[in-house]
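What follows is a pair of complexes built around chain A, which joins chain B in one and chain C in the other.
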Partner chain A sequence: MLFRFIMRRLGQTVIVLFCVSIIAFALVRIAPSSPARMMLPDTATDEQVAAMEVKLGLDKPLYVQYYKYISGIFHGDLGTSTQYKTDVSGIIANRLPATLELNAVAILFALVIGIPMGIVAGSKPGSVTDFFAVLFALIGQSMSPVWLALLNILIFSSWLDLLPSYGYGPLVCIILPAMTHGYPVAAQITRMGRSGMMDVLREDYITATLAKGISKRKVYTKYAFKNALIPIVTMVGLQLGIFMAGAVVVETVFSWPGLGQLNFQAVGNRDYALVQSTLLVTAAIIAVINLLVDIINSLIDPRITLE
Partner chain B sequence: MKKRLSCICALMLALALLLSACGSPSAPSDSGGDVSDPSGDGPSKVINIALSENNLDLDPHNTTTLPGIATMYMEFDTLVESDHEGNYSPCLATEWEVSDDGLSWTFKLREDVTFHTGEEFDSADVVCTFQRHIDNPVLSNAASQWPYLESVEALDKYTVKITNSEPFGCTLMSCARTWIIPDEAFAEYGEELFTTPISCGTGPWILDEWVDGQYTHFYKNENYWGDFDSYYDEVYFRHILEPASAITAHINGDVQAYISTGGISNELLSMYDNASNIELVTVESGTYMYIGLQCGEDSVFHDQDVRKAFELAIDRQLCVDAVYGGMGKVPNGIIVDTCMGYNPDEPPYEYDPELAAEILAASSYDGREITLSTNTSTNKGEQLLLVISEMLNEVGFNSKVENVESATLLAMRTEGNYDAFLVANMHPDGDAYFTLNQRILNDIHHSDFVSEEMNNLILESNASTDNAFRAECFSQVNHLIREANGPHTAICQLDQIEAIDYGVTGLMLYSDGYFNYRWVTYDPSLVP
Partner chain C sequence: MNSKLIFKRMLHSKFFMIGFITCMLIVIFAVVGPSFVVYDAEKNSLTEQFLKPEWLSNGWQGHILGTDELGRDEFTRLVVGARYSLAIALVVTVCSAVLGTILGMIAGYLGGAADAIIMRMCDVFLSIPNLILSIAIIAVLGTSTTNLIIVLIISSWVQYCKLSRNNVLVTKKMEFVSASKCLGATNSHIIFKEIFPNITTQLIILVSQQFGNVILVEAALSFMNLGISPPTPSWGNMIAGGRTYLTTYPWLCVVPGMALMITVLAFNFLGDGVRDVLDPKRT
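Take a look at the complex of A and B:
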């Protein structure tokens, strides 16, 4: 069953990626200016720009350009970046690990902080713990990532001198970007966990279990927690898509050399091949993550079938 | 179930830690973060310089970003060296002469130079370099620096002749921006020479590694032909895009200098208040902000009275004070005081809102909305235009401000699709050739402003290699622009402030906005 499910989802993914390739191809071309204009000094004449367009193949009809791009993908060729003048696949391969690393650590941070906080708050509504959990969630969901990033730099790098304000490599470098990136999701998990726990605790089967004399701790951890976890996993899966996109801000502020920063730069330089390919790779990653979330959900709750 | 959950959690934790551990060792603390030299005589022999932009490529003839150009200064040499104020001194060429018709330039070359690849430098390398420009006119350096390059030939092993199709007064300036590549390595690798980490220049620093989005690393060329010997053994350019991150890293000692394109914003300078080991260096930059006006027949600025009212309505000094914290000055035209042809006797811009209102009321202006456009890359462009828009509306204009991304504004300008735009400009090497030729004579921004007198002066300056005469031409063009109140009106000329540790010297911050770090070294006598 699992194999059939995966194959069906992969088929759907191919259709999604095909649509993404068309949208990305069209979007970058709708934007004003062109790679030829951006590659040359702003004093370049129209003739020089036209010559560069011929060199880049941008003088060809759009369907020819699209066919060339899509057929290249099937041969493992994502094109050549106009700003880097090298293969796009190599550039993405260099940048992708940093983005995956940041997202993995950030989501881990969000889960480690958000789940216990949400569960504890939901178990004791109205308590001091609940108040602080709600405050934590409210701040996390209302604060702009840019502001949060700068605040973190100010506190942890500038005032306390505990963590580096930029850089990529040793574990210590990832703490601030991951904290900044993960906080909004931790806030959302906290709220979801809190409300989920409160709902579950009102269920009849929980009352019945408590009436049977089973300890509160066991009821909460064994019965309530598991059920409160399902919407969190689904939400985290959905958030990961936004997570990949939101990495632009964090990667730029902390000079984290990931795909978000690359894509932002590529859009500014009208680097068609790079923009198209980073969007395609990001879409593929999100599709795979969604597939994994579905499988994880079925593992957590046997009532959810892959069919 | 418990097992499943534990497995999932363990897998996620392992994945996160594995990915983190796989990161390349490029954190600020891995090099240069330690403050002392192992010998104990001074600071670390590794210097980290934070730059506010990313490096994008290593092709010496195709790079357009300031970090890219700074990288080329480290790795390569040129035939002549510029002081960025219009003066040139020998570098790989020891002497030169220009033919009587101003078309051919003959250069005598040094005989004791070796490339980082081990190849000996001679005229074949110069021919290879310039031939690449001729064969590939869309290289950014060819497009921007060599509009008339026709041929290059080796007269002997150490003499070359470069010929332009028209007399070109900026030949030396262009030579100072054309980095010489080795012909044998280029023949072997072709364009890949610049996409693989092969250091192929003759400069004082050997390129070791460029890691996209992170850093560019150089080590000292012990066989450099010049007599320069830096205190430092290694230089890192750290590409830190966010100013607050860079300044924090600087204050914490992770980097020893922070050079921001256009200078550090005045609002952020207070972060350095307690950093007693860091000097804030002020460069009286030639970078100026100007507004380009659309003067076509359908535009409100076709009428000179409207342009005049526009100029009179702007309190430029207030702009400098309110927007840039007083860190700049008001120029008297687009030929600013760091540029050849600057005329101190040219009268300053007047600010007279009452006269502006009077002239505007009597002009053809019909009250239609004017959009003042700028881009997100222009230093406080939006704030500046908001202030200007207020001033314009006070005298009767109906203006609004739009802030678009750089590529969009570029497209608008090249199509002439604007009312007025604000951008920063500078005159490379203090020579207005490119500004006047491209923006006035060739009107690449389609202002549709035509002045035969201006164009003739520019053409006359182009045909001369006599800098005194060219300076006079530039000065007269500036005067004509002032008289015509367009198509450009200068707003302010900005100071540039950068932060450098005391003792670090040789970071050349030129008045034309370019950076050159090849002479970086450490001098303990400069530490207070």
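Take a look at the complex of A and C:
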């Protein structure tokens, strides 16, 4: 059963990635000006453009171009960046570690803040702590990441002079970007932890354990906490991919040298090959993460394979 | 559900009342405001650069929230920008809800190949985060308000599609649908007249929750110069413009960001409130 489930999910992932590759391929073709013209200086004559099109294979039928594109991908060739004049795959591989690092720290931040806050709020609904936790969550979900980033720079970097607002390398540099990137997720986790805890505390087995005379602290930490955690883990797993890609704004504002910033610069420079490939690589990462999360979930909870 | 009960619940739900009243105020502000402002939102006035907020010391005639780097009145731009942000969010939410719901109902009702194709399409769009997809499409098509709206619709219909499909799957097994089929009703009659009214509650809840999201994505795109392009004001590009002067003239960033936060917060409150009112079981 598990094997069949994994094979089916794998098949779905391959289909999705195939469709994404078509979208990425089509993107460059629907552009108002041809990629050949983009690569040449403005003074290029029509003949030069035509020659470049032949050189790039743009004169061939679409299915031939697509075949060339997709077979290139399987050989690790994502095309050449018009801006950097080098291999796109190399540029992306260069930027990926920074993005992964930022996301790992941001997720950690979100978990460390969100879980205790949600659990404490959920165990005492209506209290002052609960009020502040709900407020924290609501604001986190309503704040534009752009504005949050700028506010953080203004407060922590400019006024308090505590943290650097840009840079990459020293550990302090990651604090502001990770905080900004993690806050919306922390808000979501707080919210889920709170409602999860409230649901669990209503269950009969909690009443039963309390009736048995086991201390409230033990019931909360040992019985309720673990069960309230399950929806959070699932949610974080499923959102991980989307979350990783959402770093565009944060990376741009904090000049963080990751994929998001690369993507933003590529758009500014009309570097289509790079835009196309960041889309593809991002989707591939997300698809693989979702696949892994699904498999891990099915190992933990075998009922999932039956769906 | 009868309307009396819903009205009673509305009055009792704090979330709904706070959200509803604030949203109404913001909408009125955005719709009526632009006809009352004293200054021109797009005209430069280089002698009045970076004036500090005067609040109401000069009444409504003064630069209530100060001026920006080109001497334009910040309050005027905020009011005019509100109109753009809300209008775009409205168009996008309505269009993506209609598109997503129709596709979702077709998938759920017909099943088979149609279902498989539409659901795989959903998977594809779910595996590309909407901001990345929007950036890629706008990068290629070029920046314009129409493109911005198209891109936002493309990236937000999936939720409605999945929701309506799942609801249709449940509803179509009910007896009244079979009865209708026996009486010889056409597929379109069953989908739109029999099944659709049963999924409206869920849709209204999703619409009210998505509205704030659309505003945020639009602001992010405008911030990256991929949305509404200057000099036309939008909250996103106002924040972008103020970014350069963040430490020297912080109000240029703080004011539009605050407006954005309050608006999204109000719509999120409304969304939660609508859910409490229409679907009390889920809370």
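Odds and ends about this structure:
Keep this in mind: the second predicted complex is superposed on the first by the 243 of 307 C-alpha atoms of A that agree within 3 Å, B and C clash if a C-alpha of one lies under 4 Å from a C-alpha of the other, contacts with A are read in each partner's own complex, and residues count from 1 in each chain.
Convention: a contact is a pair of C-beta atoms (placed from the backbone, for glycine too) under 8 Å apart; a residue touches a chain by one contact, two chains touch by 3 or more.
Since this is a predicted model, take the numbers as computed values, not measurements.
Residue contacts after overlaying the shared chain place A:Ala287 against chain C, while chain B stays out of touching range. In the overlay built on the shared chain, the residue A:Pro257 is in contact with chain B alone; chain C does not reach it. In the superposition on chain A, A:Ile30 contacts chain C only, with no contact to chain B. Shared-chain residue A:Met39: touches chain B; no touch with chain C. Contacts of A:Pro61 after superposition: neither chain B nor chain C is touched. By the touch criterion defined above, A:Pro164 reaches chain B but does not reach chain C.
Look at A:Gln48: by the touch rule set out above, it reaches chain B but stays clear of chain C.
When the shared chain is aligned, chain C comes close enough to touch A:Ile15, but chain B does not. More residues of chain A are touched by B (comparison of chain B with chain C). With both structures placed on the common chain, the touch criterion links A:Pro97 to chain B but leaves chain C unconnected.
Counting contacts as defined above, chain A residues 31-32, 150, 153-154, 158, 252-253, 268, 270 meet chain B in one complex and chain C in the other. Looking at the complex, you find that chain A touches chain C at residues 12, 15-17, 19-20, 23-24, 27-28, 30-32, 138-139, 141-147, 150-151, 153-154, 158, 241-242, 245-246, 248-249, 252-253, 263-264, 266-268, 270, 272, 275-276, 278-279, 282-283, 286-287, 290. Residue ranges of chain C in contact with chain A, taken from their complex: 120-121, 123-124, 127-129, 131-133, 135-142, 212, 216, 219-220, 223-226, 236, 239-240, 242-243, 246-247, 250, 253-254, 256-257, 260-261, 264-265, 268-269.
Touching chain A in their complex are the following residues of chain B: 1, 4-5, 8, 12-13, 15-16, 19-30, 54, 56-57, 59, 62, 64, 137-138, 140, 143-144, 191, 194-195, 211-214, 238-242, 244-246, 248-249, 251-252, 254, 271, 405-408, 410-414, 434, 438-439, 442, 444.
Interface residues of chain A, counted against chain B in their complex, comprise 31-34, 37-46, 48-49, 51-52, 55, 83-86, 91, 94-95, 97-98, 100-101, 104-105, 107-108, 111, 149-150, 153-154, 157-158, 161, 164-174, 226, 252-255, 257-258, 261-262, 265, 268-270, 296, 299-300.
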